[in-house]
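There are two complexes below, and they share chain A, which is joined by chain B in the first and by chain C in the second.
Up next, the complex of A and B:
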């Protein structure tokens, strides 16, 4: 093993408006090594990876490839330096053949003067596929392949940078296992071990057991910094996880004092045996004033349960009751009518109409609240919207400002207010309500959640992190593979530890 | 468990070739042809079949061009204007009653190149000015009509070029020369689609443009080239109409833009791009022509035809998107 690291990162910094995504990250990838990268959501993993393949320009810091400082301006630039990435959301053209995807952008002998030589192309692709010992038909259309096969095609494609840079490549795998079956994961791991013979690999996964299984060394990121490095031999997930979450803040970040005691009578929401495409037999009770968090890894089905409760996802079996009354949720309209509100994870896409005003966004769903008969009553709307701007202390120049110009936290408050203006909200479904918000804004959203709970609204929370789920929830449902694995009480003063939950999640 | 075992295990059929969905339009063509043939003895006569194919020639050429644009996920409404300009150009360059020109084949070539120039203009507007293809090509169509009107100058040029006139009249193996030209266009189009980077990238752009960019492909030149190629087909289409009419008319391309989109979509080329192709479109053209002709032969009033055709287009598109339909889908 040579002394010069294949790839080294020193003090990388990247700011986004309101967030410091990378705050001086250091990273070393040695030659012929599999390095694991672990960290919670928002720890800066994806920003770091994007910086390594030239998709994000860092504000400060250096990247060294085999000891040489480099500036990576594009994916092609990174490829020329021998760095390639297998993206989490696959980056293959679905309607081309596997072979075309493998050679895409550097066809070489496969295309001469713009004319395809299918034979040469097949041969070139076969060479790459042979490197990883894959038997996929190079001329198969990519969208006819299984997800696992497409991943192999991506790896084969990335390996083409070997010819380009004339050096052992560095291959980055971003969450490659998140949608694979266990058998396919085995294959992938065999592949990674094979890659190590002639390349360096950076492996990113949420599943710590996998990281420990396949990696030689793990670097842990937290809040945009590298907080530690662990040799995997003899390490246990517990240790890693402790580094990932760090010590929890001692201040009352989650406003636990404000947590109202739940007076359990009849549950507000009662779900029995709910099943759909990606979840099965879900039982769930939420009392008025209670916050129930659902936790689970990517692919556990919790997002789909949440959407199903809002009528946005079809269900195949089960029963949903609100305050004891059985309801049907064939569409989102029915859910709104039943007093259910939903704050989607993708705020900018699903949560708000960016070019419309604060007032329009706030009254989007509960039109009645601002109308007299079929007509919008401007005065009524103004009074209503202004009162909610005050009550939620939304910082906006005025009610007619386009919502897209507010900060993320204030946008989220408007999105929440949309469900409150009608005055008939009974159940709130919060899908990652603090995603992309900075600490101050998060805290305000937490306070708002507490107030709503205190006023008797039942809440289902899909938290951004385990810490948040534990901090906010009265009860936690752990989902694993589309089923409820366990239910953990989570009262103020008797909070479970994240590790207890992780055990059930994986 | 080794890597090979897992990767090779499931092997479904038809990974390379046509899928079940691709089979729809050809099957529909055969079924509809069969129905009309059973209903009407005139319809199934050799003469009538020749008629259908001959009548499809111009539409087939225009559809070839538009298919490349649709494959890319863009749209092209410039066919009518480009065809008008090319019709006037060719009729004023070959032997005619307005001037002493007699450039013959060269005149035809110039008309086709003019089509290329118009197509290139659409592409440049899309790529450089970021004008959506819908508006860019609509504008180019208007420019084309304007140029054609200028050249028309109030006096209709009647052509007397023997070769150009013969295209619409002379037959080879029972089909008009124009039909053979259309067949050649389909062949060339198919070769471009299958064996050139331009064709494959047009297809890939419709499939996942971002991926191409991520792979270091510069997409813009290919977009311009695709519109230019389409313009060439429209230019040739204008020449063919002139041959049929024996005169250069501003309205030579009237209605071909929408008919071509119809034919392409009915044949299985999606407006969202990334699917279909020249052969699909050829089937679509025949489907449309068989319908038009068949409805007449079985005695449906011509007044009904426009409406019936429209219904069929909507039904075809609805059938094509059934597999992708889901709740809360946004359709614009």
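Up next, the complex of A and C:
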């Protein structure tokens, strides 16, 4: 192996308001190596990757490409240095052909005097596809390809940087497997091993077994720092996981000792045969005080079930009962009135109104709680909001601060509080409630969930990871292709293993 | 059912600063600063400007514009735009002129209610058929203009007996035009109603992030229809002001107020993307626009250049107030 690393990062620092996303990250990618990058959500993985392709300007620290210090100002800049990324959310234009997508942005010989030359373009595209041994027709429209095929096109597109920089490229794959099926994952891994022949690869995945399978080495990130490096030969996922969550996570990260015993009486929520566009015949019971997690891969339909239970997604058949009483949920207002609360996955876009204050966000749904008659009562609002800021220990200068200025964890607590201020919450639907939160904030959200359950709130949880689902839930529903595949009891002390669940998911 | 949640002391100090940043504070006062600067500049150009007579005239000119802009501001705050206000006001002048002989004093409220209803219909079309407000009201602009031409017989409708609307053309305390006073009262009324009810929250949430508002259970659709309804009513009131001043209604009488009204909203600093702004800002914006309008001849610019000015104002004001961090794709 050559002495000069293909890519090296030293002491990279990046601050966001209220968050230190990167706190002195070190990273070495050797030539012809597959380096895994592991870390929980909020560990700084995506910020680091963005810094490597010039999408984020670091506040401090250096990046070296083949020993030379570089400043990466844009994706084009990074490509000139031979660094390219296959994005998690695919970046291909669906209504163009594969060939057009591959040359898009660096048309080169495919355009002469401003005019597209289709032959040259097809040859260029074919060259790239040949590199990865793909048999995709370069003239196929991108939206007719499967997800896995599109990913191959994307890799072929990224490989164009090889011609650009005249050096072996560094290819970054951000969560490439998250929506692939197991057979497609095998193909992708074969591809990665092939890439290693002439390039370096940085591979990011949530699934630790995959990381260990395909990578030569793994660097673990935690709270914006590199906390360790593991040679994958002989390593086990548990070891990696322990490094990822750190010592704070090892003892009762999910507050299991606070789990309330569930008394089986009449279920709080009872769903029978619920069907919609992407889910069919869903049966689901949740008792008061119970936390039921729904797990499933992308496209399993679990998000839509969750939204349907909040009246935000139309249903075609089925029956929903709350405490035995049949209810209709034509819109979100009906759900709110029925004592159902929903915390959306996209906190910044759907969960909160960034321009409004903590107080306004907290009282947005339950206006009655701050009003006297039709009028807002400022004193009543102040007392109410301040009491919830205290009860949930929300760290904010005051109630009138714009919610956008708070850290992610505190924003999420305000969004949760929105459903609590009315005092009539019966069922909480939590769609990835800990997405993008750091470990401390996540732990607080878990504690809150436990306390709410203990007070009798029924919870449906779409967890960020299988570990989280297993840790938090009393019962787990596995969804596959829009249907409930199986139901797994998940009591404290008798938790299933992630592998048991994965079997049913794919 | 109450939800007892244990009190835990905060372990970390708050890392966020309070209050708006200096830049935000400055843009908040921008319309006022512009207003003062304009008055100063006009006074320097023509020392006679700062007299009671010319100020009264300016206030009288500003009144219909203030009302139009205030109503349309609500639609903009909800994240939409109402391009039909001027055409609706023109149609309303015609209707008022036609109905005054028969209805007398009742004609004024009837016209305002009809205008509000037309606004509500447009709002309903926007919400139920899911058509962008820009398109609905552009269509409305065209349709309402044509209706105004048809019912007026394509000509000015004279008002013979203008006594029922005469009061709007009087002066309070001798030199404040009644129409101006009414306009300010309308702005204050809207502002107060928004402030003391949940409407402010609902409108801000709807305009800033409609999906977040919907998922919070906010009555997004009603809020939007309501905004269009008020916008329509304001167009009706502006029409009454115009008729009281001109003793007639005309199918294109208010048409040239569309651009100034939009300019007033954006000069006031209300975000064209919705969610941020106020009717007070539009009041200040309308005064700025009016002063520019009456000021151009004073500094010797032919009034033919007026339209260039409005176009430039709108583009520059949006450029200054647009929060680009929130807009990823500009279409």
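The rule is simple: the second predicted complex is superposed on the first by the 284 of 506 C-alpha atoms of A that agree within 3 Å, B and C clash if a C-alpha of one lies under 4 Å from a C-alpha of the other, contacts with A are read in each partner's own complex, and residues count from 1 in each chain.
Convention: a contact is a pair of C-beta atoms (placed from the backbone, for glycine too) under 8 Å apart; a residue touches a chain by one contact, two chains touch by 3 or more.
Owing to the predicted nature of the structure, the values given are computational and were not obtained by experimental measurement.
Peer 1: Which partner does A:141 reach: the first (chain B), the second (chain C), both, or neither?
Peer 2: first
Peer 1: Give one of first, second, both or neither to describe whether A:79 is in contact with chain B, with chain C, with both, or with none.
Peer 2: In the superposition, A:79 contacts chain B only.
Peer 1: For A:116, is the partner it touches chain B (first), chain C (second), both, or none of the two (neither)?
Peer 2: After superposition on chain A, A:116 lies in contact with chain B alone.
Peer 1: Now for A:395: first (chain B), second (chain C), both, or neither, which partner does it touch?
Peer 2: The answer is second: A:395 touches chain C but not chain B.
Peer 1: Which partner chains sit in contact with A:239 here, chain B, chain C, both or neither? Use first/second/both/neither.
Peer 2: neither
Peer 1: Between chain B (first) and chain C (second), which, if any, makes contact with A:190: first, second, both or neither?
Peer 2: first
Peer 1: Please indicate which partner A:332 is in contact with in the superposed arrangement: first for chain B, second for chain C, both, or neither.
Peer 2: both
Peer 1: Using the superposition on chain A described above, determine whether A:26 touches chain B (first), chain C (second), both, or neither.
Peer 2: So A:26 meets neither chain B nor chain C here.
Peer 1: Looking at the overlay, what does A:312 touch: chain B (first), chain C (second), both, or neither?
Peer 2: In the superposition, A:312 contacts both chain B and chain C.
Peer 1: Once the two structures are superposed, pull the chain A residues common to the chain B and chain C interfaces.
Peer 2: In chain A, positions 312, 332 sit in both the chain B and chain C interfaces.
Peer 1: Would you tell me which residues of chain A are touching chain B in their complex?
Peer 2: It is residues 74-76, 79, 91-97, 100, 104-107, 111, 114-116, 118, 132-137, 139-141, 144-146, 148-149, 152, 183-184, 186-187, 190-191, 194, 312-314, 331-332 of chain A that touch chain B.
Peer 1: Within the complex, which stretch of chain A touches chain C?
Peer 2: It is residues 17-18, 310, 312, 332-333, 335-337, 342, 344, 349-356, 360, 363-365, 367, 371, 374-376, 390-393, 395-398, 401, 405-407, 418, 420, 423-426, 440, 448, 451-452, 455-457 of chain A that touch chain C.
Peer 1: Of all residues in chain B, which touch chain A in the complex?
Peer 2: Touching chain A: residues 1-4, 6-8, 10, 12, 14-16, 19, 194-198, 200, 203-204, 206-208, 210-212, 214-217, 274-275, 327-328 of chain B.
Peer 1: Under the stated contact criterion, what part of chain C meets chain A in this complex?
Peer 2: Of all residues in chain C, those touching chain A are 1-18, 195-198, 201-202, 204-205, 208-209, 211-219, 275-276.
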